[in-house]
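In what follows, chain A forms one complex with chain B and a second complex with chain C.
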Partner chain A sequence: MNKMQRAMHELSEMDELAAGSSPVHALHPAAKLITTVVYILVTLSFDKYDLGGLVPMVLWPVMLFQISGTSVKTCFYKLRIVLPLVMAVGLFNPFFDKTVLLQLGSLSVSGGVVSMLTLMLKGVFCLMASFLLMATTPIDSLCAALRKLRVPKLIVTLLLLTYRYVGVMTEELAVMTEAYSLRAPGQKGIHISAWGSFLGQLLLRSMDRAQELYSSMLLRGYRQEFYYADHRAFRRGDALYMLACSSVFLLLRNVRIAELLGSTIVR
Partner chain B sequence: MIEFQHVSFAYEKDRPVLKDVSFRIEKGEAVGLIGANGAGKSTVMKLLLGLAEGEGRILVDGTEVRRDTLPEIRRKLGFVLQNSDNQMFMPTVYEDMVFAPLNYGLSREEADARADAVLKRLHLEDLKNRYNHKISGGEKRMAAIATVLAMEPEAVLMDEPTSALDPYNRRIVINTVRELEMTKLITSHDLDMILDTCGRVILLSEGRVAAEGPAGEILRDRTLLESNRMELPLSLAGRPY
Partner chain C sequence: MHMADALLAPAVAATMYVASGTVAGVSVHKLKKDDEPQKLPVMAVTAALVFAGQMINYTIPGTGSSGHMCGGMLLSALLGPQAGFLSMIVILAIQCLFFADGGLMALGANIWNMAFYGCFVGYYLIWRPIMQSRWFGEGKSAQRARIVAASIIGCVVTLQLGAFSVVLETSLSGITELPFGAFVALMQPIHLAIGLVEGLITAAVLLFVYESRPELLQCVEPAEREGSKRSLKAVVAILAVVALVVGGGLSLLASSNPDGLEWALFGNAEEGYAENMGLDEEDFGVSSKAADTAGAIQEKTSFLPDYAFANNDTAAGTTVSGIVGSALVAGVAVLICLTGGFFRKKKSS
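This part shows the complex of A and B:
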């Protein structure tokens, strides 16, 4: 298997993860979706120097990993391509922001370093939360939930098709890189001179296939509604989960847990 | 059941793909649509399903294929795509099978029952909960046929159902197709398969109906086939050795 085929295979595996069973899988998709959105918003709202406040936010994803039986390793493995990009966002902060914020013995920590770490953590936390949502909720149920929440048909269909087409595109990419490398032995990757035509081909081929896939959905009665998704009722447990988690996030955001713990110990 | 009346079509201006095509298929008939690569076979199916619009009239059960009649028309026709990878878009075979029935308003239990009945009939019970990306090409073709049968269509359209299959899987598909009693329209250049499954044949050549008649006659006509870039089916070729 080449790199692309593996990527494609992994993507299909998300469906398998999502089909698992655990208390988290069993929650209503809308409850999970809203909780995840609240988590991401709260996480992003932390001040850029508030590293100490942000760190406890890791508790929620960690808890979800435990309860849903999803492996942390799988998560980071699947995110290995986007993770560095997200981490790179704050990389230059230490060079621009040199005001000393913290003095640890002889080591002085600048504001830039703190804000870099904060940004990186924010990125990682949000990625983990999104991954957990996708790994515990089938895409169709998620789309059905979005429709229930009155998100317009067009947007939901776009989301669904993007999810499906990313698979188609990586598949085409796999076939093309294989065909290329067979005729360019010993060459690593694709030579820059071939990129233009390669990308053009990829786009055309995946568009053709995407068109066929969409036709196949239309021919089987798809009218941008998700009659086929699992329509379970929204139960009291779902509401409880959503409210409890959201309250904890807001609590963590507004109460300085670390300082609170620190001050009780000191006292 | 299916009728083309003077249908013409072009994807791009000045490059007609179908030119004044007319034919009729009666209810319960099995018709083979043959022709060389690029003859326009797949295009005929696209027009019939309303995936493309041309000139002339196309009727299904007396209803004209138009934008406003599409839902009704599509419900009657089950289409097996040439590339099964593009046909199956749900994670598992079972989910793909209940997709259409649920969209058409059946309850989960009814859809389940249908899927089970079709799987049993095609001896594919093992495939039910398999993941679409983890089954072989032959299994995938059979699964694609199963998803279409679960719609309980009045006619099935199959675009090259035996392409890219090994002899063993090809035989399974042929036997399955033979046993379907509904109206069938099958495109292929696998003429042995057409001979095995169809009573009548329409030969398409450069966008026109070049010949039409009983499969046994047309497929035996070496001159006709060769002048249209095809060869006699192996089973009729008569072995020289």
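This part shows the complex of A and C:
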């Protein structure tokens, strides 16, 4: 499987997940979007040494994974992109910040180690939150919600159209890459002599295709307005979910639940 | 160069969202005023193509490694800066939402670092001036040379700006302990090489488009007659050497003085450089009653924790009870998983 085929596989996997049914899938997309943004903001606002405060934030994604029945494996597969950069930045912390923050018997834990762990956890938590949003919300519903949140029509329609064509273009390039590699066995990528023509040819064809696409849109009655099939109203339950989750996040941000729990056991 | 959410503090992420949002608003306004509805499908299809094109491996001759394309310069040369910027936003949004490349909160910063510089700085300060200039003379071959020069200079400069912004945003967020100067010295040379390769790929694609359909390119007049022959290889070689010299010089300067910015602002009294810009680190900033009041208000309303105090007792949060509590939380999480699994099994049986 080449890179593009893998990308197509990932896209269809997300589409399948989003098409599922569960109480989380049934929530209004705007409520889910806002809750996710609040969760990420609260998660990011924890101090870089506040590992203890940050840990309880794991409960929300864990609960959503369970209620929506979403595969955790698919989510963690996506970590391969996020973690390397976060780690590249965080790995320097233990070398530069050697202030001892905690003494566990003979083991002294430095501030750098704590801040590195906090950074990585933040990375994982934020990824889980956005993954859960997309795994429980189809793109059309999300775009309808974005329109309701007053995101300009041009951007939302462009997002929807591009998403539709990402599949088509990726498939075409996957076929072209496969054909190229079969004719150039043992070669790692595209040779410099074909750098321009490889993508250029498809680009020229795509420009013609865009014209045909526009004609067909006009024939189907496109008048610079896109109508969404998803007309689900924002119900009281959605507002309740949004408010309850946001309050819990703020509570976890301000009350040190982990320490309180711990102090009931350790004196 | 896609930044993850974890690398940004909420205040920095929000600022970048506002900055990118403003530029997006202006772009939408401009496109609305132009009133070209047929441009929308062109933008969508080109954006989808660039998205897919970013996954192609281009072999770099003689090295065994391969390069990639980011696409900001390519899109603005084909669609114009505003349409290119919006297309880049959509590409970055799809990458962040479906592939976890970047983050939802970091999207504003990523748009700024990759789309704004590539499309606006790249177009208005590099592509357009070079294409409208008389560099390399008249005729078709001079035009080709200008396309190559604009692509390479554009990609190198915009990637350097983007990389510098990544460092600035991460440092302002207080995420890394890596000194600012060292971080810059690490990022800039890497992105110089990436920018060079990307510039060459962009140039190759744009040259191909120029040969077949020159009317598709912005600011390019289709030249009828063939001008004096000028070797493209020579242009590329000269640009590569210039970029390497400039980049190498800059990185040497940065690494020999790792805290260059701080040093330049505040001086280093121990080393005898008390002068520089003559600023006193303690009294840095404006001192007035209004500023004090603003500071007090900011302190009260600030959502962003102060990252500066490493030994803050309340911030440490790593007491033994904290650890035990975290373990309990982990236990609760496992319990939720088990309960969920139990109910699902029951439902399916």
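By definition in this document, the second predicted complex is superposed on the first by the 190 of 267 C-alpha atoms of A that agree within 3 Å, B and C clash if a C-alpha of one lies under 4 Å from a C-alpha of the other, contacts with A are read in each partner's own complex, and residues count from 1 in each chain.
Simple rule for what comes next: contacts are C-beta pairs under 8 Å (C-beta built on N, C-alpha and C of every residue); 3 or more make two chains touch, one makes a residue touch a chain.
None of the values given here were measured: they were computed from a predicted structure.
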| item | value |
| --- | --- |
| Chain B versus chain C as contact partner of A:T99, first or second or both or neither | second |
| Touching partner for A:V175 - first (chain B), second (chain C), both, neither | neither |
| Which superposed partner A:V55 touches (first chain B, second chain C, both, neither) | second |
| Which superposed partner A:P138 touches (first chain B, second chain C, both, neither) | first |
| Partner chain(s) touched by A:L219 [first = chain B, second = chain C, both, neither] | first |
| Touched partner set for A:M87, first chain B, second chain C, both or neither | neither |
| Contacts of A:L199 with chain B and chain C, given as first, second, both or neither | second |
| Contacts of A:Y227 with chain B and chain C, given as first, second, both or neither | first |
| Partner chain(s) touched by A:A19 [first = chain B, second = chain C, both, neither] | first |
| Common ground on chain A, meaning residues reached by chain C in one complex and by chain B in the other | 164, 209, 213, 217 |
| Chain C-facing residues of chain A, complex | 3-4, 7, 10-11, 14, 36-37, 40-41, 43-53, 55-56, 58-59, 62-63, 65-67, 69, 78-79, 81-82, 85-86, 89-90, 92-93, 95-97, 99, 101-102, 104, 109, 111-112, 114-115, 119-120, 122-123, 126-127, 129-131, 133-134, 142, 152, 154-155, 157-159, 161-166, 168-170, 172-173, 177, 187-192, 195-204, 206-207, 209-211, 213-214, 217, 224, 256-263, 265-266 |
| Chain B - residues contacting chain A, complex | 49, 51, 71, 74-75, 77, 79, 81, 83, 85-87, 89-92, 95, 98-100, 102-105, 131, 133-134, 147, 151 |
| Contact set on chain A toward chain B in their complex | 9, 12, 15-16, 19, 138, 140, 164, 171, 209, 212-213, 215-223, 225, 227-228 |
| Chain C residues touching chain A - in the complex, by the definition given at the top | 2-10, 13, 24-25, 28, 31-32, 37-38, 40-49, 51-53, 55-61, 64, 66, 69, 78, 86-87, 89-91, 93-94, 96-101, 103-105, 170, 174-179, 200-201, 204-209, 212-213, 216, 303-305, 307, 310-312, 315-330, 332-333, 336-337, 339-341, 344 |
